[in-house]
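One chain, chain A, appears in both complexes that follow, with chain B as partner in the first and chain C in the second.
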Partner chain A sequence: MSPSASPSTGPEISTVTLHNGLQIVVIPDHRTPVVTHMVWYRNGSADDPVGKSGIAHFLEHLMFKGTEKHTQGEFSDVVTALGGQENAFTSVDYTAYFQRIAREHLKTMMEFESDRMTGLVLTDEIVNPERDVVIEERRMRTDTDPGAQLGEAVSKALFTHHPYGTPIIGWMHEIETLNREDALAYYRRFYTPENAILIVAGDVTEDEVVHLAEATYGRIPSRGEAPKRVRPQEPEPRASRQVSLADPKVEQPSLQRYYLVPSYTTGKPGEAEALDVLVQILSAQGTGRLHRDLVMEQHCAVAAGAWYQSTAVDQSRLLLYAIPHPGVSLDTLEKALDGVIHDVITNGIEAKELARAKTRLIADTIYAQDSQASLARMYGASLATGSTVNDVKSWPEAIDAVSAESVQAAAKAWLERRRAVTGYLLKEEVAA
Partner chain B sequence: MSPSASPSTGPEISTVTLHNGLQIVVIPDHRTPVVTHMVWYRNGSADDPVGKSGIAHFLEHLMFKGTEKHTQGEFSDVVTALGGQENAFTSVDYTAYFQRIAREHLKTMMEFESDRMTGLVLTDEIVNPERDVVIEERRMRTDTDPGAQLGEAVSKALFTHHPYGTPIIGWMHEIETLNREDALAYYRRFYTPENAILIVAGDVTEDEVVHLAEATYGRIPSRGEAPKRVRPQEPEPRASRQVSLADPKVEQPSLQRYYLVPSYTTGKPGEAEALDVLVQILSAQGTGRLHRDLVMEQHCAVAAGAWYQSTAVDQSRLLLYAIPHPGVSLDTLEKALDGVIHDVITNGIEAKELARAKTRLIADTIYAQDSQASLARMYGASLATGSTVNDVKSWPEAIDAVSAESVQAAAKAWLERRRAVTGYLLKEEVAA
Partner chain C sequence: MNDLTPKASLASRIQTVRSPGGIEAWLIEDYTVPLISLECAFLGGAAQDPAGKAGVASMLAGLLDEGAGPYDSTAFHERLDDFAIEVSFGSDRDGFSGHLRTLIRHKAEAFDMLKLALNEPRFDEEPLERVRAQLVASVLQDTNDPDAMANRAWFTTAFPGHPYGNPSRGSLETLAAITRDDLIDYKARILAHDTLKIAVVGAIDAASLSIELDKVFGPLPKQSRRVAIPRVTPQGVGTRKIIDLDIPQSSVRFGAAGISNDDPDWHVAIVLNQILGGGVFSSRLFREVREKRGLAYSVSSSIAPFDFAPLHMGGTSTKNERVAESLSIIEAEITSLAKDGPFDEELDVAKKYLTGSYLLRFDTSQKLASQLVQIQIDHLGQDYMDRRNGLIASVTREEAARVAKRLYGEGKLLVTIVGRPVGIDAVKA
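The block that comes next holds the complex of A and B.
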């Protein structure tokens, strides 16, 4: 989840803003006559109004329900008929819609996508059954899965005040209250050209894209200003937290440890980069310290790793996790995990580990450029969370500048127990 | 914290609503020529707008800053000069102002109190220094006290979505942003006759009070409707949570266990009553099960008890706590505490315990009537959280109707680990 980059050898990425505030990013890729067309809105579940959790994700569903010009399903049918693919996703910070299609159909995609930026038609007959679909989606994914339930509880314990703690899909009792008026109010507030980023990657030039965008998105009137995100910020954590869930349905116990840490948007220069390198050192496939110490040497885990949601508007999360070896308690496993962190904080990292981590991180972003859609998605996520095209472009140099001392300092500053929530997923009911 | 009652032998309490929506409650008490004059607003810290935590409490401070008619401090000076006392408090559900004074000055109190319901004058010169006072208040009370910090973290872990998890005084980073516009907007929204309850206890008759209220509060124009409380509700808890804070400043380790439970307002008939009786059985002075088992028999605690915030608009909290005997770990203490709960759930309670608990609860409310201010406060808290005068009056009968089975059922239903947050305050830093 790193904001990725085009090193100087990569494609010439450019950005332009239309008169109505729509930001356009063009990522040329002339290997095949295909384009990836994405619109990103700078609003996600963390922007859901109080008591209306799930509305961002619900609206993503409703965006497929037809407009004044096009009937329900028409856009999707056209994409399929033209041999394309489409999808959409809602995150805590953004909502995005995309199609991948032969280059000659880019204008058609723009016509449909710009049409549903303002022309959505919502009636009770459309909204109410779709709400039942979301309710069923939540029931299937979360309400019968102990791991998902623990995940929600851990998130809520990590983000106690900031809305990152609320599930993207929403809380059931609030989803049940979402109605047409809520959806329309949300749509009118956030689906505006000033709040959107158009990303086109593929066999196109900037001139072509801007020309087509002006003829489609350009017809949407300016709304004046981009909507503001109104989010309470997380207070400084003071106490370490633990969340336990024991259920007969659990087949594999597991340990997770989340820390509240800076993101690329909130961190001081170099801070998020140091955390990216740290996570790489802890979790690189085969050579990561968590795997080496817990799986290979101490035989207390069958798997262990780390992950860092570095791309985020506000303070974010860094995860360490481990699956215990059969017969090993989560308590023993946690002590071993703490030992790995304690070692980095106390003794720092080795020069060769640092070099290997940087090489891997930078190489991964170069490989990612091989996928048009991955590259478009990296730019979209970074720009929608407050980074600039130049931030993304210069990211490899920023990673290269990370020192062993800054990695140790980041571990010491951020992997503090008072900043952490530890989650325990247990195989069966503990005695009352 | 039980909504208290006037059994049939108590005073004749009456309630009247003025034409502008102000509810008046009169509690006659002719033993001394003194009155308690209180105004309760049905808004507390749980009604603070998102990102503006602390505004209810901040406005309580600002209410002493003078109006168009009266200079800053004039009201307080008059109360003092007339030999009276005054105070104010902000809770999660309400904010209240009161004076206790000789009966002949009741009208003067009403004039001042009704004046500041609409006439408050706020300038930056008044608001900004008072914000610094609140910031200092928070710093003193919380930011240097590990017990208070743990308390905040435990509340946040218990109320993960509902604003009861936010401290009444607010989060520091949000208090720092509160300004004149925030205060005025909040004042205009909530300080209205429809949102207020006037309670007068003491040497007065209903006729006198209504007559005086019409001449003072009655001059405030109606605002049409009472403001609405907009609060996200807590989702059903799924995972047990633990919060730990270790600090060198801790002199006395302690264990606290909070459960998310119904209040008198949210519970089904008899549910909150059963919890009131349960808490009495667990924590009655000298005879409570927690004291008996943990302090007297097992010698693992020097003190132990329980508490239930039964009077609340939304789902509320029930606390069990224990202070370990020197040399006893919190882990050992917690197992003993769990044993006490397990015993109630499994084996229920004895008939004589039930009888003793009911007698004590009902007697306590009769004793409370001896204090004019306590009685007024009980009515205020109950009415401001959704109970009626009749609910309060008939409370002793409702307690009397609680059965041993319903106490056991309440323990089983609500003292579940998944509903609980356990807090550990520890004497020194744990090893990293």
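The block that comes next holds the complex of A and C.
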């Protein structure tokens, strides 16, 4: 069966740059009279200054606190009263703000969002309780969850030098010291039109969006050039690493393995595509190699899978995980996991596995067209990490061009033990 | 100031498709994206699990796509992958649901796979034991998860001896007791025409869909055999349970009896919940607990119209030293809303939000299809999508004040706390 990679018949996606350097992407979807309005900034937790981990994420919270023109909560009140939904998120490489709302309110959203690109006002009375909110967020996500604590330790061990190893939310002792000046200094450095991408998906045309954007974002003066991201790069790894966490609260042990691998931005042509196909072959539900070998044939796991963070500015991570079958030790499971990877490296993959993986990955891009919010996020994440609109559009063809040999070569080059950290989550037995 | 003008709504686009065999579905034809989404649901869910066998519905949902007809588990999944078809099933407390998504060029294969899964599941030993082991692993993973623990404690306390008191996914004990016959029996009892609701959105016309409906759903039994489940109200309201766990932050669940979705006051309750804790950046709980005092990252409320015990519920996570303060603020807000009703302005904003955001629920084919199924389950009628905003907009302050008293009463709650909260004790009945 030959996967169809004919040029996608999806929406006419276009991109324009305003005179002040703001990039605009328009994704038409006229089925429902709503729009998704997003602004992405090309900075994330990996750009936090040393000793100020968590500042990108903290500032994301503080962006809801009002400007010279609008008091705290006013923007959110307007969004709510207009029947809109809003939120924001911070990643290692970007920070994004969005509203989903009826199409007729797009201009109002642009007025508020462009206003807070430069007009943020912060006082200690507002900053201090919000820092407590972030501290509670960290407690909720990490400090009450041994699995999340192990995840932080594995990431930190994988990225020995690069800031991708620092948690996005920050380390607790540094979050506790973040203040108003830190937030404003970071804000002034990164929140500029040249550093931003405006994405509007939904019931609009390019002309409408550009016209509205010129009247709102277009009024922000240019700063000359986009801020530079200067990040220490990861050295070539030499030593395989092991990390383990034992906690009395763990009732179900698990195994994870992270590899340092190229991203779409750092990889040679075809390399990240081959890794995407490899991960699909390893982890497809019910047919993937990890499932077939570890769960079905060797009965040493009850579930197993893989994931690849392919969109990233710098070298990124590919992870494998497995939950052991009762009575199987993590050592035994790890050996079996190594066996699966060794098999791909030595014997390669079958033609029908390759075809199946491509069919699935290419079909997913058609399914994605059903959701304007998903398309907006897909384009935002790619563009904020250095890809172009054309890269995203032609991705199905790039996936179709992946050969069995290149998948095997990618496994051989990147799934090496010296590039990896293995994490064990274990139950700590407490003496009665 | 706005250059873009709104467009018309969706109810008029719904077609009723009735197959020669008598299967009915709601269809919205749309050819923008070359795909078809089908959602279907049966009444039942975990509430219909046999006594001592909690988890049967969950396990069935996990097994219907693990081998059917001529295909064993591997062959079934390979076929789904070869044609990029998505078939999955789910169960909650009151219902059992099926989901299909396919590109139009593989629709014949897709409907065939759904037909096999619904009518000829194999329940082979290997996938049966594997799905059981996966459910066991997920139960183990949640054993000491604070949110999951608080939730379990809430439902066990509120519903002793009632199916709602059982864990929907089962426990280690009940999962071990489930047999292949239990799954076959549950499927035969619950997956039947009389409670089946179907909605389809995408690139297919009524005539083609009609033929597929008979193929896929025709062979199912006409009548379900459901066990009668008593309508109950949650027990333990007015009490507080504390479950010790060595963590720096406590997880809190609270709730009491609510209003069912066939009650004439249902739409008023939706507005009230929006005001209390339904709105992400605008509710009373968000303002008082998070924004003003920084007590928590997450705090919210909901109304849960379970078929046999409607509830209003909520939760938060806050550091152990501030649990008492957080809870007293939450209780004060609930009491004040019950006593005085909402302010004009917050009522107005809540109504505007709920009406203005209604369309956002339909921005993908799957979301639209699942809303169409829900409207059928709730017997709201095909014109509901056009009527619903009017029902919300017409809620008056007097009505809201009356229903707030009814919904929140004297503000009494069943509270469960997991952690090591400081300065707060358990309260017994």
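Here is the rule we use: the second predicted complex is superposed on the first by the 420 of 432 C-alpha atoms of A that agree within 3 Å, B and C clash if a C-alpha of one lies under 4 Å from a C-alpha of the other, contacts with A are read in each partner's own complex, and residues count from 1 in each chain.
One rule holds in what follows: a residue touches a chain if its C-beta (ideal position, glycine included) is under 8 Å from a C-beta of that chain, and two chains touch if they have at least 3 such contacts.
Just so it is clear, the model here is predicted, and its values are computed rather than measured.
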item	value
Touching partner for A:Ser244 - first (chain B), second (chain C), both, neither	first
Partner chain in contact with A:Ile341 - chain B first, chain C second, else both or neither	first
Which of chain B and chain C A:Gly165 touches, first, second, both or neither	first
Touching partner for A:Gln149 - first (chain B), second (chain C), both, neither	first
Touched partner set for A:Gly51, first chain B, second chain C, both or neither	first
First, second, both or neither for A:Asp203, with chain B first and chain C second	second
Which of chain B and chain C A:Pro326 touches, first, second, both or neither	second
Superposition-derived comparison: chain B or chain C, residues of chain A touched	C
Which superposed partner A:Gln252 touches (first chain B, second chain C, both, neither)	second
Which superposed partner A:Ala363 touches (first chain B, second chain C, both, neither)	second
Complex contact set, residues of chain C against chain A	1-7, 10, 30, 32-35, 37, 65-66, 73-74, 76-78, 80-84, 101, 103, 105, 126, 130, 133-134, 136-137, 140-141, 143-146, 245-249, 251, 279-282, 290-298, 317-319, 348-349, 352-360, 362-366, 419
Contacting residues of chain B [partner chain A, same complex]	50-51, 53, 149-150, 152-154, 156-157, 160-161, 165-166, 171-174, 230-233, 235, 237-245, 338, 341-342, 345, 417-418, 423, 430, 432
Chain C-facing residues of chain A, complex	1, 4, 9-10, 29-34, 64, 73, 76-77, 79-87, 100-108, 128-137, 139-140, 143-145, 147, 203-204, 208, 211-212, 248-252, 284-287, 292, 295-296, 302-303, 323, 325-326, 355-356, 359-360, 362-364, 366-367, 369-373
